């Protein structure tokens, strides 16, 4: 029973069907009928004109946007536990040509106006120090917490005050939307977000993510950068088709709802052991090495997060029997 | 009737089936059972130990290898019509951190020992001029010509003499192998090739290419660069599965054979109009604007290559009726 | 008798005196009294507000400006014999993060509206090909030819029509100004030039060059890039002092005048042997290997430019006796 | 009375004389008679064969070496207060092509085997996290502390154990040598240091620093990188001459001795107010805003380092009267 990561889950059958259905000769790259629908599909979802470009990984989605938002000599303010800092192998440095991540501390990988202000305040305004140019947040965070639309608004104001562009890593955006009940528009551009990666791979997709540009003038530059980074698939229709399949009938929300519900059940069982509240599809649990081993002996697979801390991740297809068993096993520790 | 590009053709049904079959939970990235088979599969094909890494585009496959072979301050000798020079949006510059392409002229996008030697000979050996570090050839070339194993040997010797690494862009390697009848080993490492991209997308794949490292010690570095460039798909099994499906029963050769045969038929019809001999799946034909229009009026779709020159590309699934009709129409011009 | 390069000549005594005179404690970097005078000094020279930043080499001066003018994914149109292409070790690729030099042919390292238009016209307007973003010319050129203000105007119009920024490598700007008699303003911003490097090292300076930004808003970014490239000297006053000493009383023009006059004398002697007219301080002469040897035997030092071609360079301090002797020796060949 | 920085001090008269003396025609770049002496001069100083290259700033000296030691995808372990992290405008990211600085905490900008081990230990050994490749320390540190040769040995062992190259920022190496009494060899290559920047600008030089390569095979690559970064001055003799003048008769040690002595005098007066022991030429003193103002009112110029903390820096030419007055003024606070 695998609770290792949502990364590795199967794709939703509708996604596989969509790939198969799009498997016919069409214009190469993003000139096909599926790719050409993305702008409209996301414009409707976000209640305004946006530009949407597919790409095959979250790292590419984040870093192509960051490269357009941040000059090589600029800084990207983010949490010290942000995926772009910790788990992308220095990709922001590669894509931007050497921009510097400026790290902020705080529990649960969440930044606050105060921590952001403090980080910016420490920078001398001269040519010897890298000046911040972008604020990047992850929603839901790397620890399964979410920002409400109100929180994002406050961060957007800080960004604006300091002339920072505002980027959102939305690898688990669906989970955050389901939890908050906010409209996608309120969670993003109405709060000042300029560009985001909209994740599908962890939510029923196979290998398609969307870059959403609220500053639509960025799209043409990012399209060039996408090609230059080797991310312009010649049969891009298979990426667009996945995304359209997940948007269709709000399947993306249904998938996230399922994952979140499974996580909540496990979280409830963990009770006092929880390191963070469960607001998305990740559950961080305090457990000794022997307790972790006991769970493994019962057939559960998960990640050792640190000393006496383990992580479970649910996904759209988390098996309810397995979830119940895991909840019971944790409760019984 | 579309003869625009092999890039945009449908994937072979076996490829779609393989994707569907691999759509289940497994270890993320390249830890799954499909990805772990690639080294062995290609080692068998190449009759020696190789390392093989999947990636989703030819640009990424070429440029990740070039970045490992060429320092930022080095030069890559290639033909002026090479894909890496003409059609990858400067990707070699991005991946290598600014290496310089050193261009060689000659018909049909083919380089020769003589043109390579001349280009190298023009470089002063001092710090003011970029020194060549890599030779990159494309086989089959961008104009549908092929290098025989004997020709590759001669180029490999030039590379060795000057201390250059040797890279092959094998976007249409299958077509070259079918034409030459050479063993993959003879065409590559036995001739001195250090690394190659082995193309599948133009030959029945959906979005999977393989980087083959004959210098196996490069693989770990390239794996890091792959992640850093956002090319490490979390469900990489879907890429590996495509490749395995095309290797299975030599489907890759059957597909290339079909494409080449269709091209030969069209080439025969073109006769004196041919700009280059047809050695792979591309046919360059001299035709006036009105002749081109006449062909279009009859329902054929193709690329205007230049003044009075048009290009047709066949693919694994080129419809034989359409091919016959096109041949007849060209013959009738 | 050394006619190898103006690069290696001694600095003018006024420059050494200025360095000594500035050798006292002052604010570090460019906050000192000398550096703070540069904007005004060059604004006066160019008859409008400009921003001027010192740097210690021509390569840095060119490439810092190009990095501000050209995105990493853009192209810089220049002559195939341009210094930035041939003799800067790939520095434009390093500073810009991988921009591509798009080469134009033609005699004497001069570009023309026609060759520029042709080069731009060959580029497909899509994401697969690098799009030109900057035009860079060298005045005087690498072969000692000059552009008149009228010629620069015509190039500026081409640049404007295609949305290209316009850069001038002015390593030998002084020589061009002396020859043409044009005002610096007419030769540059009034003709559409956005940024230039204004050379002093080849003209009596020791190690100071100026970047002149006619688009003054570029200066702050370039100041950051200068620091980031390790080109912000802490005792920058010694660089500014050199420049001010050479501007003082138009010493820069006097120096160039001397170098040009010496070159003309040698050029006159060369007569029919000249490869190019002598318009600045370089003389390219046809001479067989034995003729070259004969000159060397008589004590003249120079550069073998190619088969049967030799190059002489004069400088501000070319000794008139040596110049006369060389002229006589060439005439006697 | 200026105690702001050693950066901005005048150059030693011997340095100016050396520049003037070298001001005559010689081979360009580093082919002149002064530059060609550097390898021998430093080889003697370090008691083994080394390669030595001049460059005009400390940032260039550090970052060119780091670029040769660290691949773009690697990490450089250093102190969070290291100059390369705090005050070089992201230059390491630019020169390396995006390498990541991996920061270590601890008082006085000193790293220890324990803090280094802990930082390295936190990195997962997979492709998702940047792997450390270089250890960089500053001696004397940015807070005026020094590493003894014994301490450097211990760090060298940690570096070796983890396969890290070992770099030393020696902007104030002279001050550290004077304090420790260690031989330069013991402080560097005998302790495992692979490459260092050897500072002269803060110690009586004008604009010359030396890169010392104990791994001599790095020198040729760094020479190429130096050119490519625009740091190959055409009249490099003026840089080499400065360095030779300061090595002559151990003037570099005399200069550092003078600066250190002045600092010690001020440090003694500060007594309990000292934030760190005074081991080089920087003095960090606890002082309230009103105390700082009182000192300023008496004519002393210095840097506000943080709340209730001020910094004084002495230099080779610190005026003894001013130093005595400052010491008295601090003692009287």
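The letters A, B, C and D name the chains in turn, as written, and every chain counts its residues from 1.
As a convention for this text, a residue touches a chain if its C-beta (ideal position, glycine included) is under 8 Å from a C-beta of that chain, and two chains touch if they have at least 3 such contacts.
Given the structure is predicted, the values throughout are model-derived calculations rather than measurements.
Any chain that touches subunit C and also touches subunit D is listed here: A, B. Farthest from subunit C, judged by the mean position of CA atoms in each chain, is A. In terms of C-beta pairs in contact, the better-connected of the chain pairs A-D and A-C is A-D.
Rounded to whole angstrom units, the spacing between the C-alpha centres of subunit A and subunit C is 49.
Taking each chain's centre as the average of its CA atoms, subunit A and subunit B sit 34 Å apart.
Centre-to-centre, using mean CA coordinates, subunit A is 42 Å away from subunit D.
Subunit A has residues 72-73, 88-90, 94, 97, 127-128, 224, 227-228, 232 in contact with two or more other chains.
Per the touch definition, subunit D reaches subunit A in the complex via residues 72-73, 75, 86-90, 93-94, 96-100, 127-130.
Those residues of subunit A lying in contact with subunit B across their complex are 2, 4-5, 7-11, 16, 19-20, 23-28, 32, 55-57, 59-61, 63-64, 88-91, 94-95, 201-202, 206-207, 224, 227-235, 238-239.
By the touch rule above, subunit D contacts subunit B in their complex via residues 29, 71-73, 97, 127-128, 131, 221, 223-228, 232.
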